[in-house]
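As structure tokens, the structure follows; a few thoughts come after it.
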Amino acid sequence: MAELFTRPAAHDPTAPPLQVDGISLSYDGVTALRDISFNIPAGTRVAVVGPNGAGKSTLFKILVGVLKPTRGEVRIYGASPGGHVCIAYVPQRSQVDWAFPVSVADVVMMGRIRTLGLFRWPTLGDWRRVDEALRRVGMLELRQRQIGELSGGQQQRVFLAQALAQGAELVLLDEPLSGLDVPSQEAIFSILDDLRTSGVTTLVATHDLNLAAERFDQILLLNRRLVALGPPASVFTRPLLLEAYGGHMHLVPEGEGVMVLTDSCCDGEEADHE
Amino acid sequence: MIAGPRWTLRLAAIVLALTATACAPAGAITPPDAAVAPEARAPIALAPGERLQVLATTSIVANVVAAVGSERVDVTALVPRGVDPHAFEPTPQDVRQVAEAQVVFENGLGLEAFLGDLVRNAGTGAPVISVSAGINPLPAGADAEHGAWDPHTWLDPQNVIAWTRTIEASLAALDPQGAAAYARNAQNYRVELEALDAEVETRLAGIPEAQRTLVTDHEEFAYFARRYGFTIIGTVIPAPSAAAEPSAQELAALESAIRTTGVRAVFVSSVVSPALARQVADDTGVQLVTLYAHSLSDADGPAPSYVEMMRLNAGLIAEALSR
Amino acid sequence: MSDALTWLAEPLHYAFMVRGLLAALIVGIVCPVLGAYVVLRGMAFFGDALAHIILPGVVIAFLLGWPLGVGALITGVLAALGIGALSQRKEIKEDTAMGVIFAGAFALGIALLSTQRSYAVDLSHILFGNLLGVSAGDLWLMGGLAVVVVALVFAFYKEFLVLSFDPVLAVTLRLPVSFLRNLLLVLIAVVIVASLQAVGVTLVLAMLVTPAASAHLLTRRLPGMMMLGATLGAVGAVVGLYLSYYGNVASGPAIVLTETLLFVLVLLFGPRRGLVWRRRTAGL
């Protein structure tokens, strides 16, 4: 009830957008995450990779505030996540109720709900902001469509537009690229580039190690604990990959480089922990 | 052996037997001893000072039986005062009461729908006697099922006089030593009932012909109406039991009838929920009057005995319709 | 033509029919508004459970001589909040917990009522409604509750929208999720209480679910679903009541049957999603 009236926490602009300190999560004797600590500077684009069950979704849920860690602290711009409205979470497409009777514009407008406040209805100004966000992701013509009528790539872009409408400064995307063809993936990346230019920090969970290596500033290698965090070249080394992927991985020498075959794929692999 | 002429014949016989029993008239749930004439019942030997254990169904039946049996009987009523016998649901305790009784008196004519199972479950050999047995019953309303009777015989004191004869005979058969006492009590009570009958008639005489119309909550006053010259315009629930529901059209028809005939009051029995009747009364602008028709009141209430009950009803009806 | 008018007007000559019609309309309009959330969030079992859990409250009020609505309201709100709290626990499956409480509470209600010794009619009214017995006071209560419910849905429209669409999103956007979820449960309880007189404990689920389900098949936006649901609810209520009058059947069930028939018609013949439509377009 108190949440109805709390003000958003003040940003400390000198603090990093994301600061994680000793996060652990255990339940029923299972350790989902153990002692994770890292900082992410503003405007960085981070790929979060790891095998099935590594805890990527769990970590995201803790960062967003849906799950509480058993131990440790998360700081967003110096304050705990609770007060912040500047975090956006783009869920895996399989987790969304696409049959829900809302249009593209309706979903994007949801991002503005805290700006609107209680008992207020969206004004023309708010709809203009929504349209602006839709234009930035190239979905303006489809604004009246019910969300179930969209393709995979379009669905992804709607939620990105929602993050834009929300004015998010930290965006977490859970497997946004899986199941998309190359043009759709490119469209997503062009939006992510746009976000990076605006100084928005993004964390993207992905299975595609190649894409991670090519298109991301930093890689966060995760397997229940933090294996490594750094630029792709320093993270994608044989010992670190072995440490993270263990038996889930097969390294195949390929000419000058190494081809990494992993068995991590697709969605729904992590036990849903509520 | 599944299909064959002999098997088919047996099946036909079973089906015929079932249909025959299904067609038995509804008022005649046959308690074990009903077919046996009162005089032929085996007498019970009572020790000196010992009383006959009698179970009656309603408080009204109990009251009349007690008037006849007096100090030779111990009468209990199964249905508590204020409870609707039409919808009464017995509990296991009631089975015990039936089992311990030496004789059971019921009104009969289908009032006590619960009794048949109760007696069967009690496994008792005690005779079950319908006090309304000797009376020519009225059929239950126009819409009632084939063969149903109106069980509300007691609202005509003349019928209760007939009751006393049945009760007297049954008690005398069971307890021959008390036969003289029973005869005397019954005769005294009959005198009281005749006086009551005359008194009620006088009390109601003041109501003009045009106002001698009754609207009641269900079909309960037919015998009363026949005896004292009233017309029943309609009932809120068009059935002899308050456990039924009227349809919208039936309610509408009743309200129209009330308006057309200028009826002054709707009478509702004390044991049923008056909500629907009250609504009809409010909507048509007539009074709602509560009568005691299925049960006596508590001992300190206005109708603790049958005679006082009828007197009270007569007064209330006269007052309501003479305005 | 005047024949048809007489036919329509005849029941309305009677005050109890007019009251019944108004009561049915209130129920038919307000239930589908909440029903939209019930359908979209898969809460039909919860709605049914809540209706049955209210029974002991109604019976206690009845035995004490209080207005039935008061007993129902108190029990309904408590039950809604209780189930809300219970469903947060991980030890018991929500489904099982509700099933246990549903059956237990219902049995308690009937057991309490049976102490009255002749309870058949009263039980039937509570279970199946008593539309012909609606009093003016009842109408005021129903109307008042309906207004409160609709006002709150309107006030919290966008918050309920986010909560129903994606509870995780609601948390991310820092909405007061507990408060909103409990409020929604309580509103459903209030709507059930308001509908008890019309259709009773056993059939109120139909008024919550069926018109909203029909609307869901016909429209792609939530406001449309609510308004269309309310329209179908109202139409079904009126038609059902007339059906019960001229057909001499109980009114609560007649209304529910009409709503069900409407659903079947929409399912078969609805544009875009109707089965007949799909067959036709598939064959092209």
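Which chain is which? They are A, B and C, in the order written, and residues in each are numbered from 1.
As a convention for this text, contacts are C-beta pairs under 8 Å (C-beta built on N, C-alpha and C of every residue); 3 or more make two chains touch, one makes a residue touch a chain.
No experiment lies behind these values; they were computed from the predicted model shown.
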Discussion item. Mean of the CA atoms for each chain, then the mean for all of them together: which chain is nearest?
Written reply: C
Worksheet item: Two chains share more C-beta contact pairs than any other pair here; which two are they?
Response: A-C
Worksheet item: Per the centroid of Cα atoms for each chain, what is the distance between chain A and chain B, given in Å?
Response: 79
Worksheet item: Cα centroid separation between chain B and chain C, in whole Å?
Response: 42
Item to complete: Please name which positions on chain B make contact with chain C in the complex.
Response: 79-80, 83-89, 242-243, 245-252, 255, 271-273, 275-276, 279-280, 283
Practice prompt. Spell out the residues on chain C that touch chain B in their complex, using ranges where they run on.
Written response: 10-11, 13-17, 20, 114, 116-122, 124, 132-133, 135, 241, 244-246, 248-251
Worksheet item: What residues of chain C sit close enough to touch chain A in their complex?
Response: 40, 90, 155-156, 158-159, 161-162, 164-166, 168-169, 171-179, 216, 219-222, 224-225
Item to complete: Would you pull the chain A residues touching chain C in the complex into a rising list?
Response: 1-4, 6, 8, 61, 64-66, 82-85, 87-89, 91, 95-97, 100-103, 106-107, 109-111, 113-114, 116, 118-119, 121-122, 146, 166, 274
